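Note that subunit A is present in both complexes that follow, paired respectively with subunit B and with subunit C.
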Partner chain A sequence: MQLERIKIQINQSIIINSIDLQINSGEIFVLMGPSGSGKTTLLKGIAGLIPFTSGKLRWEEKHGTTGIVFQEPRLFPHLTVLENIAFGLRVKGIPAKERRNQALDFLKNLQLESLESRYPHQLSGGQQQRVALGRALILKPDLLLLDEPFASLDTSLRQDLIEWLSKLQRRLGFSILWVTHYLDEALSVADRIGIMFEGAIQQIAAPAALFQNPATEKIAQFLSLPNRISRKQWNKWFQSELNLPTTQNRGWIDSNHLQVIDRDCQLRDINKEVSSCIISGIVTKVRPNREGYSIQVTSENNLLDVNTLGWNKIPKLDEKISIIVPFEKIHWYTE
Partner chain B sequence: MWRTTKISNQLNKYKGLLGILPALLFMLIFFLGGTLHSLSLSFESKETFSLVLQEEKFWAYKELINVTFLQSIGVTVGIAAAVSVLSGVTGLIASLFLVERSRHWKWLNIIFQAPVGIPHLLSAYLFMQVLMQSGWYSRFAYQIGWIDSIEAFPVLVHDEWGVGVILAYMWKEVPFIILLISPFILKLFSDWREQSIALGGSFSQTVRWVIVPILLPMWVGGMWVVFAFTLGAYEIPALLASTSFGSIPVEAFQEYSQFGLERQPIAIAMNMVLAGISFLVGSILIFLQLRWYNQGRRVW
Partner chain C sequence: MVKSLKSSLVAKGLFIMMLTLFLFLPFIPLVIWSFTKQWPWPLLLPEKWSLDSWNYLFSVSGRAGEGLLNSWIVAFLTLIGNLLIGIPASRGLAQNEFKGKRVIFAILLAPLFIPYTVSIIGMHDLAIQFDFLNEYVSVAFAHLLVTLPYFIATIWFQFRLIGNKLQEAALSLGASEWKIFIWIEAPLLIPSVLLGSFLVIVISFSQYLPTWIMSGGTLQTIPLVIFPFANSGNSSIVAAYSLLFFIPILFLLLVYYLLLRINSRKQFMKRG
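Here is the complex of A and B:
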């Protein structure tokens, strides 16, 4: 599917502004962005629920089909699981017996055998969402549009369903345009990720590339990248003009790559390392995590998030500490 | 310190009932009391003289067992059924139209709801003025040459089939159905229309397979209210139906008001028969509704 300069205007306000996007066959494309950025509107536009003000939607073949699943399962409450799944087939005019057989057959894919006679309120949240997915997938769409489909489920169930859907997608081979605000969800399924702000896609990249090279500070902030510091400050800490392209004026480093060091024992040895620098700062916040402690350190009016390993040594508030920063672990980007 | 006793526990358990106590007492005193009194009046015995003085039990009901009254039941129930079904269907179609269009034409809602505030007697009078052979429509049709004479206009008032009665009732009851169901249709559209379209459903398929089935209990309930009301209403058939029409409420009123106190049990018995029919139809609908829900369906 290819979107060309798509624009959607509702009541004089432009919700989607000139979007170009191509989704390849069998690809999972994850769309992320803050609330109100226009993700759902774009999905509804592609599904034909909202008209495009301008622009074109093209398919690899002459005509393509879409299926959409929303955050809430939206199952018809007066219909059984089987009738819900067969609804789209009924719309297509497929005879009752045939659509029943098809729907029964499809229940195996959904791992919902023996639940065909139940009504939506008699199902768990996860089962309801699987029925909603099945209802869209039985129509064999070329592109499945998912609007935060598992957002209302608890974490473990969400992870199970993501795993299940990924397997199903690999087996059936349809493409997915998946809107989510969960970074872990995006990273576990995405072939590519698009970041959307104010009705426009700001960056499209493979998940790893997106983290390594966020296109703007706004995207880096949206991705919650830690320790985003200006190049000027890094220059100061490294006590030299860093050899980087001029456009790369900010750098971030993961909290796990900052190491708290013992000033007395290690300082002399580490200083010899050309590719590292030592930052001194004051501990302003301490909280435990799965591997040790997450601490916040203030240094020259900059806040640094640092993760320590092990629980034996508990960092103290207002304690003066030193942190070693390896240069090669800093990812540079343009503000 | 607050101490819980058996009595306070019981009071606490049933305190919710206190809220509906005034309505419950009203129902018990006026409705149930009135019903029991009417029943006893209609079951009253009558002293008859043949060779000896005899007491005839259930005489009012016995007097009603005749072909004419059975025909009247057929006419009255038939008219009520026709009015409720036609009002229900017309109200549903109009509500769908209003929900579709009211975003642009708010004034349409006001026009459709205006007849609810008009008394039945006045609506019957208005219908007479416009639908009689000497009424506005017939004169208008004659003036523009659609009909050769005023008598050529179809007989819609005091007619044999009760067309005028049905139309007058519909004029009042269609807005009632619209008032009852259109907010729900609006809600159902906002909940389900998008999903149905996403699955390829057309407007008509969405209405037939989603909106109407979910609306069914409320829609049928509304039609039953219209049926029960029309079954017992007096003014419109009194004004618009022919004298030989056989509407039971009209006949009962005549029995009650024109033939003396001794005929009043007959009038009450006639109305008790209507109440029985209404209760029976309501019970059947409740039974069907419970069966519909017991299969596991939900509407919200």
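Here is the complex of A and C:
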């Protein structure tokens, strides 16, 4: 599917502004962005629920089909699981017996055997969402549109369903345009990720590339990248002009790559390493995590998040500490 | 803990008893009055009992049968009008945003707020214009104006509850507007259509002035049959007519609950 300069305007306000996007066959494309950025509107536009103000939607073949699953299951409450799944087939005019057989057969894919005569209110949240997925997938869409389908479910169920859907997608081979605001969800399924702000897609990249090279500071902030420091400050800490392209004026480093050091014992040895620098700062916040402690350190008006390993040594508030920063772990980008 | 539970049960029992008495007390004198011609104060019960009023009701001059039949025909026509106008109007108002929506809503609900005398004077003028119409139709038209706000308010609320999320889901599966209405919205509307229809029939049954004005007093519905007796102070016959009038309402109430029960057997109303 290919979108060309898609624009959607509702009541004089432009919601989607000139979007170009190509989704390849069998690909899972994850669209992320803050609330109100136009993700749902774009999905509804592709599904034909909202008209495009301008632009074109093209398919690789003559005419492609879409199926959409919303955040809430939106099951028809007066129809059974089987009737809900077969609804699209009924619309198509497929005879009752045939659509029943097809729907029963599809229930196996959904792992919902023996629940066919239940009503939506008799199902759990996860089962309801699987029925909603089945209702869309039974029509064999070329592109499945997912609008935060698991957002209302608890974490473990969400992870199970993501795993299940990924397997199903690999088996049936359809493409997915998946809207989510969960980073872990995006990383676990995405072939490519698109970041959307104010009705426009700002960056499209493979998950790893997106983290390594966020296109703007706004994207880096949206991805919650820690320790985003200006190049000027890094120059100061490294006590030299860093050898980087001029456009890369900001760098971030993961909290796990910053190491708290014992000044007395390690300072002399570490200073020999040309590719590192040492930052002195004051501990301003301490929180325990799964591996040790997350501490916040203030240095020259900059806040640094540092993760320590182990629980034996508890960092103290207002304590003066030193942190070693390996240069090669800093990811550079343009502000 | 047990004490407070007991006292709460007693309070509940008392409340239900008071409510039952409040609802049924007016029927006791009605029943008594329908079997006597005289019940002077301060007698607790009448001295003489008689079936005269009930006999009169079912005599040729009593016109109870004619009154009931006419009431049913008018109520049925009024209901048809409400279904044809009320459902699409409620749907349009509940699910769409357009300019002048509030004005249209206010116009449709206007009979609820406009003083009754103003409506009646308007209807009188309407009756002269619509003189060519069959009297059942013209009376039903007047009843439609009176009942439509109640019907629309009931159905509109249900459409608001249904929202347009299911509509979007069905649309994404390829359903046309008509199929969405027939397969999705109509089954979900049944409880409120039943309630709205019940209200429409009951309100239509009890209309006196609109019926009198539109038919020129020639179409004898139950209120028109009762009125001269009430005017002349014949409490016994009025009581008998009132009880007779109550039977179809009771019947409708039973039908309403029966249909509601059949509909809720599918249990889709009790969403978990």
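Just so we're on the same page, the second predicted complex is superposed on the first by the 335 of 335 C-alpha atoms of A that agree within 3 Å, B and C clash if a C-alpha of one lies under 4 Å from a C-alpha of the other, contacts with A are read in each partner's own complex, and residues count from 1 in each chain.
In this section, a residue touches a chain if its C-beta (ideal position, glycine included) is under 8 Å from a C-beta of that chain, and two chains touch if they have at least 3 such contacts.
All figures in this text were calculated on a predicted structure; none of them were measured in a lab.
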TODO: Would you mind checking whether subunit B and subunit C clash or fit side by side on subunit A after the superposition?
DONE: clash
Task: Partner chain in contact with A:Gly194 - subunit B first, subunit C second, else both or neither - done: neither
- [ ] Tell me which partner A:Arg135 touches in the superposition: subunit B (first), subunit C (second), both or neither.
- [x] both
- [ ] Look at A:Arg118 in the shared chain and tell me whether it touches subunit B only, subunit C only, both, or neither; answer first, second, both or neither.
- [x] first
Task: First (subunit B), second (subunit C), both or neither touched by A:Pro77 - done: both
Open item on the list: By the touch definition at the top of the document, which applies to A:Gly292: first (subunit B), second (subunit C), both, or neither?
Closed with: neither
Task: Shared contact residues on subunit A - subunit B and subunit C - done: 44, 47-49, 67-68, 70, 74, 76-78, 87-88, 90-92, 119-122, 135-136, 139
TODO: Using the touch rule from the top, collect the residues of subunit C that touch subunit A in their complex.
DONE: 165-166, 168-175, 179, 183-184, 187-188, 266-272
Task: Residues of subunit B that touch subunit A when the two form their complex - done: 191-192, 194-202, 205, 209-210, 213-214, 296-300
- [ ] Provide the residue numbers of subunit A that touch subunit C in the complex, in ascending order.
- [x] 44, 47-49, 66-68, 70, 72, 74-79, 87-88, 90-92, 119-122, 135-136, 139
Task: subunit B-touching residues of subunit A, taken from the complex the two chains share - done: 44, 47-49, 67-68, 70, 74, 76-78, 80, 87-88, 90-92, 118-122, 135-136, 139
